[in-house]
Each structure stands twice: as structure tokens, then as C-alpha cells.
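Each of the next two complexes has chain A plus one other chain: chain B in the first, chain C in the second.
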Partner chain A sequence: MGFHDTAGLYGAAAALRLALFTFFPALPDLLTSRVEVSTPVTSFKRLQEGLFLYSHNVSPYDGGVYHQAPLLLPLFSLLPNASMYPFFTYLVYIVVDIATADALYQIAESGEAAASKLFTSARKDRRWSGYVVAAIFLFNPFTIATCLGRPTNVFTTCAILHAVAKAISGHPLTSMLALSFASYLSMYPVLLLPPLLLLAYDRQNATNRVDSLVQFSLTAVLAVVACLSTLFTISYLLTGSWEFFASTYGIQLTLTDLTPNVGLWWYFFIEMFDSFRSFFLGVFWLHLSSYVGGLSIRVRSQPLAAITILLGIFSIFKPYPSIADISLSLAVVPLFRHVFPLMRYTFFAASTILYSAFLGPAFYYLWIYAGSGNANFFYAITLVWSLGQSLLVSDLTFAILRDEWEVERPEMAGKEIRQI
Partner chain B sequence: MKLRLRQGCAGWSFSLPILGRWDAESWGARPWDGTKEGGTGVELWAWLQADTEDEADLKWLTLTNALSGLFCASLNFIDETRTTRPVMSFQPEGDHGSSLDNLHLLHGVLPHEIVCTENLTPFLKLLPCKGKAGISSLLDGHKLFDASWQSMAIDVRPVCPEGQECVLQIEQTIDMVLDIERSKRPRGYTIPRPPPGHDLKCNATKPYHSGDTCFPSDFAEGQDWSIDQIFGKFLKGTCPLTDPDVPPVCIHVPERRDIFTTANAVELKNPDGLSRCYQVPSDEQFSMILPRMSRDGDNAKTIEDETVEPETPLLYAERSFTGHGQERGGVQFILTNPSPDTSVEFVYMESLPWFMRIYLHTLKARVEGQSGANDGIIEEIYYRPALDRARGTQLELRVRIPPASTVFLTYDFEKSILRYTEYPPDANRGFDVAASIITILPSTSLDAPPSRRKISNLRTTSLLLSLPTPDFSMPYNVIIFTSTAIALAFGGLYNILVRRFVGANEGPETAAGLKGLLAQLVKRLSTKFKGAKGKTE
Partner chain C sequence: MSSSTTRNRKDGPSTSEADATTSSASLGRPNDNNVAGTVPATVTEPNAPSPDPTPAKSSKIKPPPPEQQSHVLRRSLIIASFWLVVLCLGVPIWWRTTTIYRANLPLDQMTSWADGKSCNPVLPIRVAIASPDLTEQEVQDLISTTQSNLDGIPDLPSLQLRLEAAAQTSLEDTPESHGDNSIPLVLRLTQGDGTMSEPMSSLHTLFPILEITYPPSLKPTPETKSSGLATYITAQLRNTFAEEQAILSYLLGSSAISSDRQQSSQHTIDESLSKRITRSMKYSGTYHLTFSLFTSGSSPSSWDIDSAINEYMQPVLDMLRPIHNFTIDTQVQLYAIPGVQSQVLTKEELSSFINAAEWPLSPSIGGAPTINFVIYMGNQTIGLNTAEETSQSWLVPQWGSVYLLSPPAAAHVPSELLKQPVLTFASHLLSLLGTPQSGSLPMRLSTLTRVRSVDMVLRASSSLGSLARLSLALPSISIPSSVAEGVAKSIHHLELACSALGSTDSLEHARIAETEAERAFFEKSMVGQLYFPDEHKVAVYLPLLGPVGVPLVMGLITEIKNWKARRQQKA
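Up next, the complex of A and B:
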């Protein structure tokens, strides 16, 4: 196993992306301007504006346009100007996509999804190889559209999957480092800490393992805190003030920018009565974080399953979701190939997602450009989109739990069951 | 006006909304070089003496509220999102001594305001004769607001004569462009009708001119008018409180134009032969008559004898939106320098509302015309980006236009969507974007004509920005639908997570869910019914 197996796959994926970039030069900018791809906290155009202000010594955080992490600024200012030499930017995004696929490949090859330390599925032989899982990710139209639209949350995706891959391979500290990067860039990945911690704890190397879970967690949390403080300090030194906190993380907490996206938050908070705004912001965030504890405890024996379900939930309920998030959540679902036969609504969920993926842009056009529809058209389609995704997530959860139950009751395989 | 000294305010300028659009192509340069007019909507700028920015903000708040009450204008709506601190555009007027260091310049615009008769009354009340005498006796709401273009402005500046205490000087300006034909109509002329054929003014030089075809002649040709015809009344003498050396009425016409006045008025001709003034006795009514001058006969006059050619403006400026849809757009700003030999340097200032998110990295300048120099026409940029709901965008550019060329400045912006309570009742009308202010900087060359040695201003028209709108009728529906979707997702997952799995034929006998409940209910009812039946029998 090694790079030789996947070199062809990665080459093909890179070639496809390069071909799209080269033969359809208007496509990247078109996708960048789509609300489904770019959100206020990830948009490439806003990154360009931030870079422009940064390079002209105006603080990009003293304005309402740039809401992304400060470290992206020096990183991208190293690259040649994206409007004049776009090739280098394309190259960065292609490399990030392939690095993400490679992390996915390692996760799939480890077989962690079907056989963790505390649990081994009876169906563990039915699985897709890392090659297939990586290929599904790389040739997913959502992933390709994300790569062409160049939002900055591809870096978060890459960091999250690397954190998982490192946790499985028994490098807890590297894993925590990757998770800190993801949290630094997008904030919400910090909620993945509990299941990731359990995963890393289960998969420690035999040589220097820590037996106490409390001690292990304390060390890991300390590592994350130390890493995040270092990143924040560097950001402070870069921008000269702490105002980036309010501008990057504050906006996700307060939702001051109500640009439409595929999520549920924007229209809800447009229509919200002013006196209840803060209350519902609190409720929405509480709802988003409430899944973490429950899932980590209930699916304790399969931390990777908890992470997969959480990624699905985040792509529905986070404040500024985009198709980059669903491409991440769809990337980890094929790891659970062995429970697919236990899922009940696959066809329904898949067709709902496909249906809203095609109708969403059409309804957005009717509202914004044609004027023949109103905001409710696009809002209704985001509702359907979210319901379809949530159906997929809960169905996957059901399948994973039933698979777990059938290890205790092997005689029940294939029989009618109910829940009490 | 007592409040100003107490506030430590070092001069302010206030302009009521202008009406109409200045047609620079046919009317030429603006009156007073544009320095005494605002844009569409109320405009106020002030130099405030304050040690800190917060103190200046506080004084600005007091000033806007005081002026709002004084002039019956909604100036108190100039909040922090509409206030900017121009850096390059304005210069303090009057004597300030050494106190320039802690002067704060604040500028605010309300582009949606429209002028009204209630603004004229307080304006006239400030005059020493309150509109009862002098030229202000002609100011009548019906005529003033019927003008093709109209502007009202007030400037206050400190004046410190040598060895005396400083005083404040107030200057009130009203400019009007009147359509003579329209103004001469009688009061009762409410329904416009086409004029009869013999009243049409036709251009007889056209080859197709005949009794039944008419090409309209130049509006200024062959006009005759008098003050009482246009304003509907005579000028009522002069105000006794005015400076007697300053003639109250002046007119810009060539020397050969015939003008008749009421008796006792003294004519003072300007040596340049292009204007003359009249001294009016203080207690007599005054009017002047400009008769129609014959175009043929012994003493034929031409158009050059009737009117003075308007002065060519230094710049023509035009601003418009590009693009379509309610998601994003662009601004195109077209500037033309008509002068064949001198370049023009100016500061272009935009103060944009926060919900118009501009992308400065898309700012591009393109020059068309004589010189091919495309780079470096933007000499300096001052940019203060907007903060959501806290302040607007402020953009100032110093640009130099080469002679006889046109500059196109473009940039992109994105329209943000607001909370539904932030839209005005007529949300689909759009939002007004204030006029951009162009300050033409004085020429530094020594051989520049006097008109180029001072600052002049220019304002573009305001723009109408349409934002995407939510559906205003359904906040409850949206709250309910979204909450249902979340509850479905949460409830479904919660059910799966907390319940135990059992085989379909295992577990407690009562069927769960609605079906079980119904079955139980039916069972209970049927036993009750049976029991009741048994009793009656």
C-alpha cells in the first residue's frame, strides 16, 4: 500500500480540475459568486478584498467584508495575484483537495469504520477500499464545484480529515494539532474534540500509551489550547489587534451578515423579531452543540461513527453552510459501506438531495434575477435540502446502531425490528 | 443661532435638498462653482472644535438635532452610519487662527429627503427682513419649487476682524433655474395643453419649415419676460438693513440687450459688458422688462445680443449602476475633461451605505482620449470600509484627468440582505445612495485663469439601489417552518439514539405510537358503550 496505488487516481482528479480551470476560464468566478459555494465566512472574493486591504495596510477586520482567519492573509499574499496569475491559486486548491483525499484514503484503509478497538462489526468484510472512497470524494460533483469556487473551508476540510487520519494511526498530538488548525480556521470543528479524543485514546500506540482517559483528555485538551493560543498570538502579531475575534468568530455567533446560503439560519434571522434574536441565536448554537455529548456517549464504541454523524449534522445546522460542507460529510459516509444494507430511506434521501440541488439554483434565479419568485422560493428549497440531509444522517445513525445491536443479537439479522 | 458659539462649532454648511438635475451640457458651469449647493437630499457638514473624536460626535449630535428643529428637516436621522469624516474633500472657511489642530470635520447626507415649503419658511425667517422686502420678497413656494432646478444653502463661518472679537457670518443662498415659458403661465393654468399653431416658436432656417411643420427653435431665442410675469409680483424695494453699496439685482446679459425698468432704478453697467446691476429705491416696487428684440429690420439683433454663452464647466461627471439582479452590481463613474490643454485634478468622495458592500480590489480606472496614459491617474486613495450597522463606506480618490479625455472609474459591489425590520415600508422602491462629491482642486500652475485658482465642487445625481427583499408577510410562518425542520431532525435522531432495539414480536404487548393509543381508546369506548347499553336494557 502506498502512493503507487493512488498516483493514477490523484493524477486523474488533478487533470480533471486543471482541464476545467483551463477550458472553462469563466467557471471559477461563476462558482465563486454562487451563494451555494461561497458564504460570507469562506468566499474567495472576500478573501481577495481582505488581501487587497491587508497589502495596502488597511486592517481588513475594520470592515464588514472580510471574516476569515488572519493567517490566510500572509499565506495567500505569498502567491502571485490571483486575478493576473490564477494558475498558482488553482494549484494550491488542487493540492489541498488531493491531500484531503489522501487522508480519506488512510482512514478507509485502516478499516476503523467497521472494526474499532471496542467493536467489530459482523459485516466488516463488506467494505470499499481506500481507493474507491478517495475516488468517490474526488469525483463528487460537489467537491469539484467547491474546488473550482475556491472557498477557504477546503482547508478546514483537509485539516479535519487529517486530524481523524492521524488519530487512527496513533499520533494523538499531531491529530490535536490538525484539529486546532481546523478550529482556528472555522471555529465549529472544535466541537469534534470529544469524539476525536476518544478515537485517539482508543488508537494509541502500545509503546507510550496513557491508560487513564482523564489524564489523556487533559493532555489532549491542553495541547489544543496551547496550539490555539499560539495561533491566536501569531494572528495578533500579524494584524496588530484583537479585532479579528469579533470579525471572524463573532459573526458566526451573532450572524450579522445575512447573505443567503443553503442553511436554515439566514432566513430565520431575517424574519426574527428583534427582541428574540439573541435568544434564538443561543438556542440554535445550543442545538448545534447538543449532539456532541449525546453521540460521544451513545456511540462510544465507534468514535469514527460519531464523527461522521456530527459532520453530517454540522453541514445542515451550522450558521453558514455551503456545498463544501456537504462534500465533506458525503466523503466520510462511504466509509460505512458495511451498514448500507441496513439503511431504510436511501432512495428517498438521495432523490431529495438531488432534487433540491437542481431546483435550488433555479429558485434563486427566480427570486434574485427574474423577479418572478420571492425569497420564499429559495427558502423552501433550503428547507427541503436540510430535511433530505437530516434524513440521510438519521438513517445512517439508525443503520450504525442496528449493526451494533446485531453483534449482541446475531439471530436478529434480517428480521423486522422496532424501537421501544 | 445662539447655540453655535456655546458648542464650540467652527462653522458649518447646510444645504437643503436640491430639486431637479443640473443640466451641465446646456446650462454650463454651476452657480458659485458648485460650492453653495448640496446634492439630492439634505447635506450638512461642520467643523467642530473638540479634543477627542467622541466629543466631536457628541457635538455633531447636538448640532444635527438643533438644526433639525430649526429647519423642519429630518436632520436628526443623520446617525453614525451616515456620518463620515472627509479627509481630502473639504476646506474650512473663515478665520480659525491657530485652532485648526483640534477641528473635526464631519459630513452627513440624507439622500432620501425631499424639499418642502416648510423648509422655506424657516429659511426666510433667518433673513433680516424675513422675506417682506428686497429680493427675498419674490420667494414664493409656488414659484420656487416649480423651478427646473433649485438649491438652498446656508453657510456659517467665523470672521475675526483685527483686534476685535470673533463673530459668525451667515450666508444664505438660493439658486433657481426657471423655465421662462412655464413661469409665465397664469396661475390658473393647471391642465397643460398644446399651444396654438401661431404661438409655436419654429426654427425658420430648416428647409422643411412651412405652415404645418415646425422644428422647435432654441428655447432661449426671442424670449421676452419681466420680473412680475415670472414671479407673479413686483420686487418690494430693498431691506433697509442691507449694505447700501451692494446692488440688490444683477443680470448677466450682453450690453446690447434692451432692458426697461420701473422708474427711479439706477443702472450700473459692469465694465466687461456682460452684466449690469440695478440699485433699487428702498420703498418702491421694482420690476424689469426684457422685451422681444426684433430679428429683422434696420436694427436686427442676433442670439449673441440676447444671451451670454454659459461658461463651460471644468468637468462633466456622471455616475450610474451597472449589472442586473439583486445580488451584485457595479458602479460606473464617467468623467470628461472638456478642456483641450489643461489637466484637472480633483478629489472624488463617495459615502455609501453599509449595505452596499464594495470590493475595492475591483476598482479600475480607464482613460479614453488624447493621451494613452492609463496608469497612475489615481494619485491617492483614502478608504474606510463599512462596518455592518455601524458605519458606511467612505471612499476618497484623488484623480488627475489628462486634457480632452474621459475617465471611466468602475468597481463592483454586493447588495446585502437586511433584517426585515430594517427595510422601509416601500422596500421595493430601493434605497437612495448619496451623490458623490467632486472637489476640483485649484490649479497650481501660475498662468492658470482666475476661475481655476479656487476650489469648485460638483455633485453627481443620487442613485437608487434595489436590495433583495424577504417576504414581509410571513415572519411567523418562517419561524414555524424552520423550527419544525429542526425539530424533525432533532426528534428523529433523538428517538434513534435513546430507544432500545427489540425484535418486532418482542417487548411489551401494547403497540407503541398512535396506533396503539387509538386501539386502546377504541377498546375502552366500546366497553363503556356496551356497559351503557346493558344498563338501558
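Up next, the complex of A and C:
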């Protein structure tokens, strides 16, 4: 496990991206303006707007266009202007992608997915190496499109996977730091804290072990709180006011920007009666977060599985999802290669996702540009898209549980099961 | 069912293969090989109907082993974790976000205003009597007699005429002396010469003064108690205020105020009055006047409308200033084709003369309602019923007025040519504003002030009443605090208006009260809820919460059942 193993892979991925950036100069801007890639809370165009206001000493949240974390602004203002020298921006996004792939490589190489501390799958030898998993991530068309469209949630993706990788390698505090960054950027990753805590607890280094789970969790939560408060304070000092809370997390909580996206929220809240709007916002958020507790308890023995399933759920049910989210959830699924034979609907799920991936842009075109369709066309296709994803997630959950059950009762392996 | 069996059959070899490779690594269970051997055997039956294998298997397969204690605990924990979210977060959120906020409305006050119990719509009108020829004592006698005469007649129920002796200043005909509106009418009694036998009266054209000249024979003396003159004055006052009373009766009759309070409801409202009231504009503090010149050809292309308005219209506007504000714009449109092309317009054709589709007469600029004055340069005339008689202008109810002018030779319309049209427009403006028709202009305007303020008070009261009824009829409608504020403000201004009914101040208060009441009634968030029956809530909640709720509730029920069963087993 060294860099020389993967250097070729990373080089190829970087070269592919650079080639796309160079030979199709219109492609990044086209993808940036696609609703499937850019959401109001991640769009690169909106980042440019915020950056412009920031560099002119105006609050970046004036005008209600920019809804992203304040700390992205100084980072991007260090880079040369993205419209004149786009190469540097491309470079940043390529590096982030490769860093993400590297985290994935470490996770896969650790073998945590098939053999955690409390559970060892009977099929644990049947797995893909980190090289393959990283390659699947790097050459996934969704990942490439995300990289070209430059939404800012690639940073969140990178932070989440590094948090997982650090937790597995026995660095709980670094892991919590990475999770805080992810939460600071996108808010929803904070829901990953319970399974990540369990993962980090299970994989502590023998040298400085904390045996009490309660004590360990308290320390970790404190670390997250401290880290987030520091980030918030820096943001406050940077923007001079607390308005970034309302403009970044407030937008995600209240869904005031109803720009269409591939998720389920926007259409629902366009149609919602005003008097019930706040209630259903609560319902949707609670629905999103209610899985955390149940999953952490149910697959306690495989925290990485809980994280994988949660990432899938988030990419379906979060307020502003995009293909960046599915590229993250598809990135961690190959870690569970050993349960693939137990999955029942892989063909159906894959074809549904492909079907909607092709029809989605077509229906969006019919609605927005051709005018021969309406919002229902696009919404119907996002429903199919979510159906495909939820099939994948539920099927994976089934396979993981079945795998666990077969270890418990080996005599039932391969037999048909019925719920009783 | 069948699909899953076939799927399983496909999986069979692959899983068994996987097991075979890993069996050495797993804990070496005794019947591992047995499993790998039997699985393909049980599922290779190709076309077995799905219900068939189940009984065959159930006899073969031993019942599942008892659940482990840790699994039972785990399941309870999972169910508890979901219910914890529902109960600790979901229920408070539901409670917080769907409680209907109903601001407290002073319903009793609102209904009492609507029923007319809070305000007696009686206008006190002070009438001063100035009589240079009479002594003070004679005037006092005259006043008391006339007052008792006035109180005796039932014709003026809504007006309360109060006679008083005039202050000395009001005898001079200066504008300053009549500047205050507190005394709407002054009677000036002068003794005529011996030649006249009957008293005569005439209204002053510029000031609210009723001149009465009486023959010396009617001069009040202590003996006669001045009854002859008093009767005459009473009759004159009655005539003067008859129209105002008629309008007030009409307003009161058509408003929601219960009719038992007014004797005047049986008062027959003549048709012309109702017509006149319906054609006047809805009251507004500001009106926008648009003067348009439409020509059938290319000339005339300019007009002296500015000076014409200043000369002929402005005096009227100045007099109306205490009641209304005006903004003015003008336009010239060439090659305008009227809606009716015939040479002589019949009465029926007048209504379609305005070419609303093509003429740029915008409905309203800004918030104020627009009154349109159109001069059409063309050769058309209006044919009236009698063949030889023609007229040139007509009034369009609640819209404006049109004047037909024959085109001059020059391309420029001088101010003199516009005199007649603008004067006509001025008189039409007064009609459109609902000014009464009888009496001198100052009298008509002061009447307009009083009538309008009563009108506004009635409108505001009826809006408040509607709002009160609405909030009682729909218990599930939310009432934002802005509505309560609007109602409070409206009632406050209604009280102020009512305390000084008839004055200019009261008109202003009544106008504010009316605006506030309307705003409260048409509150945006309430209008949307006007039709929202409780059954709709099922449609709102069920599609999402039903599918989510069923597994939650079923899980809870089975868990409780299991728990009970376990307790019974233990016992």
C-alpha cells in the first residue's frame, strides 16, 4: 500500500480530467449551469458571485444568491480569477478528486467493510482491492461530471471520506476534525457522527485506548463542537456578522430557494399549502435524520455499513441533492463487493438509475427550453431517479443483513428466506 | 414470490461457491458441507408453482431457533429510537407549526359598529342666522321658534339642524370669514321694501349664504312670535337640505345597518338619485385625471390644454382640495378610430364609442383611480330623441366623460376652443365625484364632505362586521396580528370620525378607517384559507404521513404484543 501503486491510476484520472477541461472548454460552463450538477447551495456560479461581492468588500450574502460556507471565499480568492485563468481552479478540483480517491483507497485496503472488529463476514475474501474501488470512483461518469461542473460539495465528499479513513486508521480526533469540516460546509454530514463515532471507537489504536464508549463519545462530540465553534468564529470574523447562518444553513433548513434539482423536496414544497410548509419541512428533516439512530443500533457491528447506507439515504432525501451526492454514495458501495451476490435487484436498480440519468436532462430540456413539457415531466424523472437509488440502498441493506444472518446461522446460507 | 425463488436459484451456485471457498476460514461448523450440497438440490425443481414448496419445506425444515435475547433488545431499541424522534421532535414540531394563531379581535365592538349601534349617523349642522335689521332679542325669538318648527318636521331624520345667531364677522363677504367649515350655512335675513308681499330667497353663488328677503309685513314682532317668517325659513331649510337627506337615506338604506333604526327606510328613494350615486366613482383620497385628445386624422397635433385646465378646471379642483387630491396628465393621439363610425351617434352607440382596445387609456397610473376626459376631434354628432336637437358630450359612469369637437382649421387647438369642453368636464367631474346637484357650489361641496364621511364610516363598519362574521364562521382560519392591528386602528379612527361627523377631519378619519378595515379584511394570508375545510387536512397529512406512519405504528404494536407474550411466558 504505497503511492507508487496508485500513482498511475491517479495520473490517468487527472489526465482524463485535464483533457476534458482542455479539449472541451465549453463543457465546464455547460455542466456548471445544469441543475443536476449545481444546486443553490453548491453551485460554482453562485460561488463566483459571492467571491465577487467578497472581493469588493460587500457582504457575500447580499442579494441572496450565495448560500455557501464563508470559508470557501478566502480559499478561492487566493486562486487567480476563475474566468481568466481557469486552469488553477481545475487543478484544485482535480486534486480534491484524487484526495477523495486516496481516502477511498485507504478505506478499501483496510478491509473494514467485510471484517470489522465485531463482525467478520463469511465472504470476506471476495472483495475488490483499493485500486479497483478508487478506479471505480475516479472513472465514474457522475464523478467526472461533478469535477467538471465544480460544485463545492466535492470538498464535503472529500472531508467525509477522509473522516472515515482516519477513523479506520485509528485517528479519532483527526476523523472528528474532518467530519466537522464536512458539516461546516454542508451541514448534513453532522448526522454521520453516531456511526462514525462507533467506527472510530472500534478501531482505536491499542496504545491509547479509551474503553468506555460514553467517555469516548463525549470526547469526540466535544472535539466536533470545539472544531465547529472555531470554524464559526473564523467565519464570523471574516464576514463581520452572523448572517451566514441564515444564508447557508437556514436555506437548507427552510428551503427558500426552490430551484429545481434532482431531489424530492422542491416540487413538494412548491405545491405545499403555505400554512403547512413549516410543518412538512420539519417532517422531511426528521425523516432524513430518523434513520441515523435505527441504523447505528441495527448494524452496530459494521459501522461502515451504517455510514454507507446513510450516505445513500442522504443522497435521496437531502434538500438539495445533486449527482455529486450519488457519486459519493456510489463510491462507497463497491467496498461491499462481498455482499453483491446477495443483492436481488441490481439489474433493476442499475437500469433505473441509467434510464433516469439519460431521460432527466431530456425532460428538463422539454420543460425549460422547448416548453412542450411541464414541471411534472422533470419531477417524474427525479422520482424514478430516487426510486432507483432507494432500490439500491434497500437492496444493499438487505444484502448486508443477510450476510450478517448467515454468519449467525450458516446452515441457512443460500436458502430462500421469509419474514416471520 | 416466484421471482425471488428464480433469483435465488441463480444465486444458488454462486453463493455456494463462495461458501465453499470460505468454509475453511469460517469456524468449521459441522453441517457446512451439507448446506452447500443441499441448496442446489432444493431449488433445482424448475417449474414448481410457488405455494407448492412451502408445505413440502415446512415439514422438512425445523422451526427457527428461539430469538436471542440480544436481538430482542436490539429490536426494541431500534423501535424506541424511531419513536423517540417522533415523540421528542416530531410532535413538538407539529404542535408548533400547525397551531393556528388567532389574534384577539374585538368582536363585540366590530359587530356593534356593523349594526350601527356604536355610531348614530346623524349629522349636526350649524346654521347661523344673520339679520342686521333685527334686534338681538328678535333674532333669539326667531331662532327658538324656527328651531322648534324644525324639530317638529320628520323629513330630516339624519340631519340635526342647529340654529344660532351669527357672529358679526360672517356678514362680510370675504373668503376668510367663510374659511372654517364649522358653519356650513348662513342665513342672511334682510328686510325688503314695502312693494313685495312674499318673502324671497336666493343662494349666494360663491359663499354658503342663503339670502332671504322678507316683506316688512312679516317682520317678527314680540306679539306675532315671528311665526310667518319662521315657517318660511323652515321650509327653505328643508328644501335646501332635502337632497342631502335623500342621499343619506339612500346610503343608510343600502348599508347593512339594521333598518329598524331609521324611519327613513320607507322614504322612497327616487330612481334618478340611485342612478346618480351608482355612476359616481368609488371614493378615493386622490384621483388621477387624464385629458386625452383623439383626432381622426393627422391634425390637430397640439393643444393648449395646460392653460385651459389652469383657467377653467383649476378653480373647481381648488375648491375640491379639502376632499380630494388630483394628479393630472394629458396626451394627444393621432389617427384614432372610434368604436362607432356613424355620422350621427344614437344613444345606444355612445356606450361603444370609446375604442377601449386601441386607445391607450391605461386603467390606472399609480394607486389612484383614473378619471378619463376624452376630446374627440371629428365630424360626428350625437343625435338625441328629438331630431333637431344635438349635444356634444356625454358622461360615462365611473369612468369619465367624452366631448366631441369639430376640428379647427389649424394644427393647434387654442385655449379658447377648449373652454367649453373643459367647463363641461368640470361639471362632469363633480357628478363623477358624487356631488349633489342642487344648491350653490360651496353648499354642494360641504354636502359632499358630509355625505362622503358618512359613506366611509358605513363602509368601514360593514367591512368590520364582515370580518367579525368571518372569524366566527371559520374557527380554523388563522388571524395574523396585523389584522388585529388594522381592526384596532380602524375602530379608533371610526370613533374619531363619528365624534365629529360631517367635518373635514371626520372625512379624513373615516377614510383611514375604511382603508384599514379593507386591508384587514383582505389580508393575503387569510384569503387563501377562506376555503379550507377540515377534510382537506386528511388530504394534506395522509399521502406522506400515512406510509411513514403505518410501519411505525405496526412496529410498535407488534413489539408491545411480543413483550406481553414474554411476560406471560415468564409468569
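As a working rule, the second predicted complex is superposed on the first by the 420 of 420 C-alpha atoms of A that agree within 3 Å, B and C clash if a C-alpha of one lies under 4 Å from a C-alpha of the other, contacts with A are read in each partner's own complex, and residues count from 1 in each chain.
In this text, a residue touches a chain if its C-beta (ideal position, glycine included) is under 8 Å from a C-beta of that chain, and two chains touch if they have at least 3 such contacts.
Computed from a predicted model, the values in this text were never measured in an experiment.
With chain A as the common reference, the superposed partners chain B and chain C clash. Look at A:T256: by the touch rule set out above, it reaches chain B but stays clear of chain C. Looking at the shared chain after the overlay, A:E416 reaches both chain B and chain C.
In the superposition on chain A, no contact is made by A:P141 with either chain B or chain C. In the superposition on chain A, the chain among chain B and chain C reaching more residues of chain A is B.
Touch criterion met: A:F273 reaches chain B and chain C at once. Contacts of A:V393 after superposition: chain B is touched, whereas chain C is not reached. Once the two complexes are laid over each other on the shared chain, residue contacts for A:Q48 go to chain B alone; chain C is not touched. When the two structures are aligned on the shared chain, A:L342 is found in touch with chain C, with no touch to chain B.
By the document's definition of touching, neither partner reaches A:G8: not chain B, not chain C. By the touch criterion stated above, A:Y369 is placed in contact with chain B alone, chain C being left untouched.
Once the complexes are superposed on chain A, the part of chain B occupying the same space as chain C corresponds, among 98-106, 188-196 or 368-376, to 188-196.
Chain A residues in contact with chain B (one complex) as well as with chain C (other complex) are 273-274, 287, 294, 298, 409, 412, 415-416, 420. Against chain A, in their complex, chain B makes its touches with residues 324-328, 354, 357, 359-361, 381, 383-389, 414, 416-421, 468-471, 474-475, 478-479, 481-482, 485-486, 488-490, 492-505, 507-508, 512. Contacts from chain A toward chain C in the complex involve residues 122-126, 273-276, 278-280, 282-283, 286-287, 289-290, 293-294, 297-298, 300, 341-342, 344, 407, 409-416, 420. On the chain A side of its complex with chain B, the touching residues are 33, 35, 45, 48-49, 51-53, 56, 58, 62-65, 83, 256-260, 264, 266-274, 287, 291, 294-295, 298, 313, 316-317, 367-369, 374-376, 379, 383, 386-387, 390-391, 393-394, 397-398, 401-402, 405, 409, 412, 415-420. Against chain A, in their complex, chain C makes its touches with residues 4-5, 7-8, 11-12, 14-16, 18-19, 21-22, 25-26, 29, 31-32, 34-36, 39, 42-43, 64-65, 74, 77-78, 81-82, 84-86, 89-90, 93-94, 97-98, 478, 525, 528-529, 532, 540, 544-545, 548.
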